[in-house]
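Please read through the structure below; I'll follow up with questions.
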Amino acid sequence: MVESYRPKIGVYVCDCGINIASVIDVPAVVEFASKLPGVAVSREYTYMCSDPGQNLIKEDIANEKLNRVIVASCSPRMHEPTFRKAIREAGLNPYFLEMANIREQVSWVTVDHAEATEKAKKLVEAAVAKALLLEALEEKEVDVIPSCLIIGAGIAGIQAALDIADAGFKVYLVEKTPSVGGHMAQLDKTFPTLDCSACILTPKMVDVANHPNIELMTYSQLEEISGYVGNFKAKIRKKARYVDFDKCTGCGVCAENCRLAGRIPSEFDELIGNRGAIYLPFPQAVPAKYTIDPERCLQLSKGKCGKEGPACVAACGPGAINFEQEDEMVEIEIGTVIVATGFDVFPMEKKPEYGWAENDNVITGLEFERLVSSSGPTGGKPVLGRDKKGEGGYLPEKVAFIHCVGSRDKSVGNEYCSRVCCMYLAKQAHLIRDKLPEAEITVFYMDMRAFGKGFEEFYDRVRREGVRYVRGNPSEIYRKGDDHTVVVKVEDTLTGTPMEYEADMVVLGVGLEPRKDIREIIDLFKLSQSTDGFFLEAHPKLRPVDTASDGVFLAGCCQGPKDIPDTVAQAKAAASSALILMAYGKVKVEAMVSVVSPDECRGCGFCVEVCPFGAIELVEENRMGNIVQVAFVNEALCKGCGSCAAACLSGAIQPRSFKDEQILPQIAVLGVKP
Amino acid sequence: MSEEFEPNIVAFLCNWCSYAGADLAGTSRMRYLPNVKIIRVMCSGRVNPLFLLNALQQGADGVLISGCHPGDCHYLEGNFYARRRFMLMRKLLEHVGVDPGRVNMSWVSASEGAKFADVVEETVAKAKEAGPMDQFRRRQINW
Amino acid sequence: MMDESNPYLPYIVNIEDARYETPGDRAIKTFRVTFADDKVWDTWSHSPGNCAMVGRLGVGEAMFCISSSPTEEGYLRFSIMKMGKVTRALHELETGDTMTVRGPLGNSFPMEEWEGKNIVTVGGGIGQAPLRPVINYVRANRDKYGELQVIYGSRTSEDLCFQDELGEFMTESGTSCHLSVDVEEEKWPHFVGFVPNLLMEVSPSPENAIAVTCGPPIMIKFVTQNLLKLGFAPEQIYTTLEERMKCGIGKCGRCNVGHLYVCKDGPVFSYETLKKIPEAFA
Amino acid sequence: MVDEKKLQEKARETLIRDDVRRLIGWKRGTYGFEAAPAVVTDASQAEQLIFDATCVANPASFIAIEEKKPVPRGAEPDTRKVAVMVKGCDSRAVVQQLVEKAYAREDVVVLGIPCLGVVDRRKAEKLFGQTGAQVSAKVDKEKVALDIGGDVKTVDRSNILMDKCLRCRYPNPLVSDFLLGEEVEKWADDDFADVDEFEKMSPEDKWKHWDEQFSKCIRCYSCRNVCPMCYCVECVVSKLRPQWTRRSTDISENTVYHVQRAWHLAGRCIECMECQRVCPVDIPIMTLNRKMTRDVKEMFEYEPGVDVEAEPMLACYNPQDPEEYIM
Amino acid sequence: MGDYKFARDKLADVLTSLKEYQVFAPAAVGDVLRFKEVTDPANVSLDYDNTTVPPKELMFPQTETLFKYRLGSTEVEPSVPDASKKRMVFGIRPCDAHAYSIVDNLYGWDFADPYYQKRREGTTLVGLACAEPCANCFCPSVGGGPASEKGLDALMFDLGDAYYVNSLTDKGEEFAKAAGLEAAGDADAKAAAKQGEDALKKVARSIDTAGIPEKLPSLYDHPFWEQFSDRCLGCGICTFLCPTCHCFDIQDEAEAFDARRARMWDTCMFSEYSLHTSGHNPRPTRKERTRNRISHKYSYFPEKFDVIACVGCGRCINHCPVNIDILDILDKSKQAEAKEAKTA
């Protein structure tokens, strides 16, 4: 009826041909082991890992009723899975296996045979000591919900969404702003091929909107995420647009009639162009649905718009505008998550010496993109110094481009290289040369990095187009006199000559930074940041799109600066990683997870603090009628590293099969002098 | 004394880097002293500093904790916690009069078989220096 | 008797038979043991109710009642529930192994005084263990005692100890056996409910009777109340107490309830005695 | 200095509140140079409460070690607040207990007391011998005036205050809901000279010292129990599965006990010195704690018990942590 | 029996002459006094109040091996001390000797405890009367006194230039012979008696124990216990330092394959002390434990052996870190309104 609690241990010492037997006196070890407490059988065999070797174990389990198995052979990193499988087949829980590594760590490294034999005995004894206290563990598999949440609908999010949707899985694509497209939509041309960004991006934008497997949620935000790999629950806030999504035809009459039309700086145009209070971020925006900016809209902010009420309402044929609309909370269940939240460009406030704030002809690279974009505020002409109405202005004659603004710069805390600036500045220099053949163009750089496919060639081409490259990092940029001339104070580090270069347009090659709101995501997913502040991948080389949280993957610049091809490649990688889980439909959860003994827990939360996987939380526990806080392990998140156990003062939390009570006997055996 | 004194050392190696490194030392047939006996744990962050106290009490002449290089932890942070803990525990034991040479720590990656062999030699050397650990070793006092 | 010169020295006993009474985390295992040194039997004598420290060298000892009656000769029985360090270690032992015994310890049921009386035993779960010797003593001296009523219940039918014997009681003349389980089960022919209710169901007569009860503290409490309701006088009601014990011979202190050492003055007490000692019900 | 009448008045007010369960402070002891900690539950007991330079005990200890009786089925557990009077040093215990989630801030009412130092019983008894009389003591910036059963003695405070006071960095409570008495200015500092001094010793001498000290230990665990940070449900030293420390007293187990204790307080000890004060066999326990405190401060720029928001020292790290000895 | 004396400066010689004894006398370990085996008679001094740790450890060591064995074997080897080996506790205070005579009841009761008794039999107790009682002594209240002879084989009085020795038993006589003490005169005897009377007057604290043993049980549920237990730390000071506290734990210990079963001091103030394996604790909080400690000394023990298990040495008062003063408790218990303790 009840199986015995008495440990019956089988010890199997492997000769490994001569690898072990030629150094260690195996029979002596077998003999020694046979006398250890709890040991029922102790055997030698040439190759334990061979089928006959494994059968030896299986038979003994059957005949001798063994309930613990010790294999003294090669490293557990080599054959632990093999023997686990074997004893499982024999009907014993695979975690009743303990191995003694007497090949890699004894016979192969020890000169003196007697000493080697002694060490081997010790290791076997230690294994026995631990085996006495081994426990059965169950290996769980959880189902993976066949859907994926993608956060951020830039090119990375879009690409990942399309790949997963095409594979036939449900995708929820969540975008904070009213339109998909991200930064790529703001760009004019893309280096080095110079094809128009919009032309290659917009088709994909349309696809995500129409794809039957993709549920697009723009102007929406992830508020809560719980659960674990395969089984996440997410709460998403769909912010009120104040425009009925279904009724709006995107005709734009509302915007034309808005009392504030053209009087609000447009985020999409980097504030150099304007929009109304009801707006479409940009002409090709997807979805082509208008949105009311609640902060600026007179009706919403002041509660009153003109005498005869909001003109937009009157203008809107379908009657789509609805000021009563409220935020909507959507709850979804997904199996996997891809984080593709992108980047922010370096905020020039951090580098006042470049006079960006004061001088409207000192602009960032991204502002430049809007300036030269045919769909931009200036219709593609690099006109500067226009007045409020956007009239007048001049075309620059002397243009300076500055590299490494906010990158490779300790003083602003960004040591890293942003990887795209060298090339986008080269591209932009080319565009100026294109649009203003007469202009004098000078590029101030620190080092030229043209590592990508076709980059060097492009850089060469730009230089041949008469763009002057000066090696130097400007210390200061300031206005001279009252015309629009600004001086770039810089030292030519090749010739060592200081110079004050006068320009009437300066383009700052601003770098890429982690998003200001990156914390929100970190807190939601308990992700970590690498020193540069971007998301930390699970392994820099081998798991570049995985994170410490299973089932959560990274794509695009949120993991580090990238150009478009790299971003797309990573998006596809993230997609395939997510697909692996969803296609197989199941995921194994670690069996050697930590376990809490609630009666001993003091609820200090040290374990919660140290757990790298956010697997532990404090929960209420009724202790003889008194309510106390105790630690609780979410087994699906725990990886069994055991940091919690070392942090716990009372030993109330322990990783299964590496418990204190299992390790201490090993120490006792190995500690006492041979 | 010290010439025939062979110190006994208990080592705690993380499964992913150092234990693999030790295996590599084996597969590359490097030779090192047998004094060091290895206990495998999943992460150096698992090693409770009290283990080390316990080892010394049981009669170990020295201990070694080895993990992945900072930043390479399979579990991201474990070795950072370990580093703090053992730095402190070492100081504490030193204050009680335990030779700091008995408490050793190393970063050994899976590719550093040679380094592991060196670490072993050095650890043993330091323990030899310190002599037998009998300060608060468990003996059968007035048994 | 125990080595007078040194009551801390245990006897070595051989396990003749080890079997599980009940399954589960709190499994109960019964050991039938006999002294390694036969001569011990010459000086050994115990009575129903006596206890002994049962242990395993290298682990420790704990106090258990001797669940066999002196009338069962040539062996001792212990029924042990898997609880802590020591019991865990004892459960690892099997037929052919050895364990240690110090005893007999404590007082016992005044079987002589009870002669000529009807005996009612009310047991719950493992609480039947100390009652078993009483029952078997009475069965072995049938003529000396009146009617024997065995009232016994447990959580489920699986948790009933000594099932093999329970059947016998049903058929023996002068003996009746009433069983219960706490919750409804398939094919359970007997009473369903808690032991105190079963007691009221059976409602034995206090007339010239002695009631002995043992089980979880809470059960003892309610059984005692019900016995009083049935008209049993405090001095007709007996029970056994349990406390943490180390020495078993009234030295180490910890098992006191009021001025009484359970290991020495107990484990057997009449309600008459206990009602004066508030701590007995702590 | 604190006006006792005001203090008792505040205590009374607090005890009358129906959301307050008990108040922990001090009352005059039955004899000697130390006031007794007092746990009062009824406003009528408020007049027992005192504060003067004999109030050395750390009331915060008693918040954490209170044992909750099992709540009978059906009954509601008593979740009312606990009020506690704290000196500067004691208040650090409250802060650290909050860091370690021993209770929530709203579960306690903290009555803070600015403090000019408290009397060291041992120093006093060296000076005046043991007394059966009740003692009260007033302290100002220079002197301590002791009233030993009517006969008044005045001592230079550096000769009689606890060592912790002579290096006190936090004379004013770091956390409190009500401040009893005006803040006093910081008048001492801590250079850890004692730690440096001890470190000069050779390993042999260090061990010789501890060997003698630890062999005195009777393992009464008063140092553990009095510690405001030690309130684990089951302490590792008394655990049986697994058994870290044996109960038998010998130099091995005693040493391990004390090192374990010091280790478990690394980055948590708030220097109230209670452990050393209560030791019946005068083991200089703080020597170990202060070593940890100093090193934690130097190596990790960490100081426990000063910031409620702080992460526990051993539950956080800095990628730049020192590692000079690591191979 | 006999009256003897020896000159103050002959103390070392006296000790040296006690060759056949293993002599224990108060010695300083750091700042604290404790009874230690005399290695160098020259630095034994009897000018002390009392030791922090009582000499009970000489009969009942804090850790004591009951028997040894090899793991896996069934042979056990008891390590009972050898009574024939003569030991002497020299300069023990009357209260501590009195304590032995009280604890004897417990260890002699029913099963005799050989470990304790063998030591007792083999040991001669040479007491030293207290001329200056300490602040918290109350020995007279519990049947002792600064010059009490209870449990002693001989009692010494410090008369300044000489020690007057009054031998009380044959063992005491043996000691006098072995030490070759000279006979004392009436003057000395009178001086000693005088000193005893004066000392008695100097004892500052007291309690009338009449009625306490009978009353305490009636206070079982009385809230007054909480006034004390609320600030109790639950440490072992009061009990470990108490000369009459005798509780112990038993544990098996093993080094590799050598193992022993040993007993070590335990205290009813620890929660583990009475904790059941089931998790149920009959004394769940310090209230019950404090109550048990006091009741045991002043009610349970007297009920069993009709002597109070307290000798008034004042250690528990002196060393309690939170001023839980046993006299205060007893005093309160007398004032406390007896309530009918409720039972099941």
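We just call them A, B, C, D and E in the order they show up, numbering each chain from 1.
Keep in mind that, in the parts below, a residue touches a chain if its C-beta (ideal position, glycine included) is under 8 Å from a C-beta of that chain, and two chains touch if they have at least 3 such contacts.
Computed from a prediction, not measured in an experiment: that's the story for all the values here.
Counting hops only between chains that touch, chain A reaches chain B in a minimum of 1.
Set against the Cα centre of chain C, the chain with the most distant centre is A. Centroid distances built from C-alpha atoms place A farthest away from chain E. Inter-chain spacing, taken between the CA centroids of chain B and chain C, is 53 Å.
If you average the CA atoms of chain C and of chain D, the two centres end up 49 Å from each other.
The distance from the centre of chain B to the centre of chain D, each centre being the mean of the chain's C-alpha atoms, comes to 36 Å.
Spacing of chain A relative to chain E, judged by their CA centroids, is 70 angstrom.
Among the residues of chain D, those in touch with two or more other chains are 70, 236, 241, 244, 250, 314-315, 319.
The residues of chain E that reach two or more other chains are 63, 71, 249, 251, 255, listed in rising order.
None of the residues of chain C touches two or more other chains. Put simply, chain D touches chain A in their complex at residues 68, 70-73, 75, 77, 79, 100-102, 231-236, 239, 241-242, 244, 264, 311-312, 314-316, 319. Within the complex formed with chain D, the chain E residues making contact are 29-32, 34, 52-53, 62-63, 134-136, 204-205, 230-231, 233-237, 240-241, 249, 251, 253, 262, 264-265, 267, 270-272, 284-286, 317-319, 321-323, 325, 327-328. Against chain E, the residues of chain C that register as touching in their complex are 2, 4-10, 12, 36, 57-61, 83-84, 87, 98, 217, 221, 224-225, 242-244, 246-247, 249-254, 256-259, 264, 274-282.
Per the touch definition, chain D reaches chain B in the complex via residues 198-199, 203-211, 214, 236, 244, 250-253, 255-256, 259-260, 262-263, 266-267, 287-288, 291-292, 295-296, 299-300, 313-315, 317, 319, 321-323, 325-327. By the touch rule above, chain A contacts chain D in their complex via residues 531, 599-606, 609-610, 618, 623-627, 629, 647, 649-652, 659-661, 664.
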